[in-house]
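Each of the next two complexes has chain A plus one other chain: chain B in the first, chain C in the second.
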Partner chain A sequence: MRALRTHLYHALLWAVALLFFAPVAWIVLSSFKTADQILAVPPTLFFRPTLANYVRVLSNPNIVSGFGNSLILSCSSVLIAVAVSFLAAFSFSRFKPRGTAFLMFLLLSIRMLPGSAAILPVYLMYVGLGWKDTYFGVILFYAMFSVPFSVWILKGFIDGVSPRFDETGLVNGAGWFRIMTRLIFPQVMPGVIAALIFNFIFVWNEFLFNYIIGGPRTANIPTALATGLYSGGGVDWTFVSVTTTLYIVPPILVVFLFQRYLLVGMTFGTVRGEV
Partner chain B sequence: METATATRAPPSWATRLAALLQRRSVLPTLLLIPVLVFFIIWNTMPTLWLLGLSFYRFSLTSGRPPRFTGFGNFQSILQDSEVWLALSRTFLFVFSAVGIETVLGLLLGLLFWGSQRLPGRRVALTMLFTPMVLTPVAAGTFWRLIYDPTFGVLNAALRGIGLPSVNFLGNARTAFGAVLAVDVWMWTPFMVLMTLAALASVPKAELEAAEIDRLSWLQRLRLVILHHGKFILLLGILLRTIDAFKTMDLIYDMTFGGPGSTTELVAIMLYRRAFEVFAMGWSSALAVILLLISIAFTATFIFVLHARERRSQDVPT
Partner chain C sequence: MSRIAIEGIAKSFGRHRVLDGVTLDIPSGSLTVLCGPPQAGKSVLLRLLVGLETLDAGRITIDGQDLAALTPAQRSIGYVPQSFALLPQMSVFDNIAYPLRMQKSPNDEIRRRVGEAAAVLRIGGLLEKRPDQLSGGEKQRVAIARGMLKQATVFVLDDPLVGLDFKLREALMDDLKDMRVALGATFVYATSDSLEALAMADRLAVLDAGRLIADDGPDQVYHAPPHLRAAELIGFPRCNLVAGRAGGGRCATALGMVRLEGEGEVVLAIRPEQIRFTDVQSGGLHGVGHVALIENLGADSVVHLDVHEIRLVAIPTTESVAGLDVGDEVAFAIDPASLSVFGAASGVRLMQGASS
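== the complex of A and B ==
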């Protein structure tokens, strides 16, 4: 009797998980259908899978460059942001310079602003300076947008490392730079990882900023998806499903591999613990 | 290299610089310089520009230079009934999305509480959490197909049980609810995650004590679980509120704010006026108003954080 109840309970949990995953599964399934099968009435669940869509989409130069851009933009901006934020978070945590609270507040409020309001002045500035559609401009803007999140997470983690470590380092003749990189950095690795992966997912999925301050040269996949949607008078569903299927693999892998960091990441480091 | 060999010679500029940089009065500022540079170039300057522009009449399409209008833009925004409609629609959206997600998230979180021995737990949780890391553009676009009146799988199911098909996104009566449902699908997992975190923060001993005292299930939830977990839940609700207020790509790709303007939230409205109509002065003024609202949200968030810190300092552990 108890065993049966446990089985039922576990079946229920799996049903909930599968229910939330169903729309995603439907996208993946559709990517193996022909265009006619996707629009079949009623929708087909069983069919002969085809890889022709993948061949067609992957031979589209816009998509290939889109994947390249997504990778370049997210990796470089996130690395810059975390490096810069680590220094700032160390300063905020250890020396508490005047205005720390105010700066932390300002940093956070950037992230709380609706995207269209945040990008509007930057767009005008980029048009004026000629930075629109340059890797320099897009990467550094993404880096700036990833800074608040990273500073918040890293400051929380550095606060958790006892200042005794710094004192020991100083007594033994290490400089501050050495203390930061050799003593503190290894201890806040979980925070660094959380900051890296969450900013990565943010930039990876970001559409609006890329669309507004980017252009043909720096377009990432969300932009390529939104602009390349229509062909021959309707939405090209095979294009959408194949591109999406390929594109969601990294975020799903991140959730699977770094489940422990999910909580820290999604709450700016304000909540920690295991789920 | 020079500094290593010249031990007797007066310290070179490099050693003196190194010594200066180690000083406690210089180092903290030095470490902040990179972030401040970022902040000033990409945030302070644009924000000041935005503030300035909000007092001008400036359209990118007219080709005329900006003309000073004082508070003209703000006045026209406050008198614009469409803005008020978009704002109230946004608050309705935020309120209902966050409300439904919180209740559902709490229930599912409680359901998943005892799931430690679930076979394949990690895969199941990954599936549950996938919607929130999905590309909003891709999710929004694909939901259009799912909702489609002729080809969509949802309407096929409706027809299967003998109901007429519904043009979910094309009908002004159902569009708002349909869009809301997608947001609920995407973000309920976040509230599940927060509920699980809140439950994990409840001390085991108190739960056992409650069991020995034979508290009812409801009493246990109220007196033990909510007492310890309410802070994390509150943070979750706040973060979700702020995020829902920003919702834009997801809805834009499903309905473009339509039909009519039934799903035009304020972020979408700003996008259309700024980047489709190019009324930059007016849009800047609206962005300034949204900035003020976000600052209020941020202040609340930080207030809640500090309230907890203050309380945890009062209680000796």
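== the complex of A and C ==
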């Protein structure tokens, strides 16, 4: 009886999981179909896979540079953000400047308003500064946007490392920078990785700001996807499916490899036992 | 050398006054034990000495040099903290070697000195392990080894043996004394265990609620405690405290009269070993009690006696305890010369040794 119930639960879970996975499967399968097969009713489940779509999309220079841009923007902005955030989180955790709690709230508040509310002032500022469609400008924006969440995660982790470790360094002649990088940093690696992943996924999928303050030079894949969506009087489904399929590979790999760190990220470092 | 002078230091955290005008002289080369109950301010005093906290008032000098201007690293003070704080990312060897690495000692010297320290503390076999693979006692010994490897003339140990099993404590107490002789250094050692304090100290300072209430050789503190709280805190089994009323050159207690100058409420402190089981009554304090409990400590037995509403704890001679059982009646006498007399309200010692 009990076994049967367990099996039923599992069957239900599988059904729900498959239902949610269906659009992904459709996109992935579509990328190997011809344009006619994609829109066929009823859908073709068995077909002869073709790589022609991949050849076509990957010979499109916009898409290749889009992939390059996505990688450059995500990796560099996330590394900058986590480096800056680590310094800030360490200071908040150890030196507790007056108003730490308020400053921490203020930091997060930037993530509370929708991007569309921030986009106009940011756009005007970027045009004024001449930063529109520059790597520097776009990376800076993403780094700025990634800092608050990273500070929150990292402060949680650094708070969990006893100040007694700092004292070992202080007594033996280590300066604060050395204490931070040699004694504390290795102990908060799970938090650092969690911050990297979360921000990587955010920047990787970011569309709005890239579309507005970026441009042809700095367009990432979401922008390239949106701008290349229509061709020949309709949605170019082979283009969409191939680009999307390629595009979801890096985040899936990252999540698969580092999934245990995602939990600690979601809990701001308060659940660390499993890591 | 390294004589430490602590002059009128005070420290508060928020409204809580942790240390209140403590003045203490720590002779060069001594092993000075700070003893007191938890929260007495021992750790804070040590942290002030090491430089991990800043003074609110007063000053601390080593050989006349004011420490206030020096960072913890610049002070010639090695520190074994109460929590081990072993770095989890480093092996035991690297943890112990940390002070030497920071002072850029050559590698062969690091290997030699870590090896020596590990041998003394019997952790030679653990050097390749990670701290999370060690037991509590092993971690503690690694922390001691690390604290002792700083180039220093003063070593500060904050309750380094707390929580260790009895045998290990005994062994480490001896090891620490040997280390001090080998290093020729001044040790400042905090503990809340009064037996450990008596066993380790060549000077014993007693802290209570942020005040220094005794500072003398351990024998003097034990036999002639300068303050009522020192009598209570130092010694095991606990000191017997008997209330009395002084007046007209005498003091009346539930156990009899003793000669005493002064007026008012007093407290007589009687060490357990000063209660002798005897029928011979030479005046002074004596009585008959009922045996309520006998605790066997191996070499000695502790006998709890009920005497008119008072519970006395005695360590009688082995012969007088033979054949004794719970419920038996026992006659006892106390030599008044061994008493300490304190003011009941002030806790200040009024007299050492009374007469019948």
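Side notes on the structure shown:
Note that the second predicted complex is superposed on the first by the 253 of 275 C-alpha atoms of A that agree within 3 Å, B and C clash if a C-alpha of one lies under 4 Å from a C-alpha of the other, contacts with A are read in each partner's own complex, and residues count from 1 in each chain.
Assume a contact is a pair of C-beta atoms (placed from the backbone, for glycine too) under 8 Å apart; a residue touches a chain by one contact, two chains touch by 3 or more.
All values reported here derive from a predicted model rather than from experimental measurement.
Partners chain B and chain C fit side by side in the overlay (superposition on chain A). In the superposition on chain A, contact is made by A:T168 with chain C only, not with chain B.
After overlaying the two complexes on the shared chain, residue contacts for A:L71 are found with neither chain B nor chain C.
Touch counts on chain A: comparing chain C and chain B, the chain ahead is B. In the superposed model, A:L79 makes contact with neither chain B nor chain C. Contacts of A:Q187 after superposition: chain C is touched, whereas chain B is not reached. Once both complexes are placed on a shared chain A, the shortest Cα to Cα gap between chain B and chain C comes to 10 Å. Remark: chain C residues 50-52, 71-73, 77-79, 81, 83, 85, 87-89, 98-99, 102-103, 146, 150 touch chain A in the complex. Those residues of chain B whose C-beta lies close enough to touch chain A in the complex are 18, 22, 24, 27-29, 31-32, 34-35, 38-39, 41-43, 45-47, 49-50, 53, 108, 111-112, 114-115, 117-120, 122-139, 141-146, 150-153, 156, 159-160, 185, 188-190, 193-194, 196-197, 200-201, 232, 235-236, 239, 242, 245-246, 248-249, 253, 266-268, 270-271, 274-275, 280, 283-284, 286-287, 290-291, 294-295, 297-299, 301-302, 305.
For chain A in complex with chain B, the touching residues are 6, 9-10, 12-14, 16-18, 20-21, 23-24, 26-27, 30, 38-43, 84-85, 87-88, 90-92, 94-95, 97, 104-110, 112-117, 120-125, 140-141, 143-144, 147, 151, 175-176, 201, 204-205, 207-208, 212, 221-222, 225-226, 229, 235, 237, 240-241, 243-244, 247-248, 251-252, 254-256, 259, 262-263, 266-268, 270-271, 273-275.
The residues of chain A lying in touch with chain C in their complex are 162, 164-165, 167-168, 170-174, 183, 186-187.
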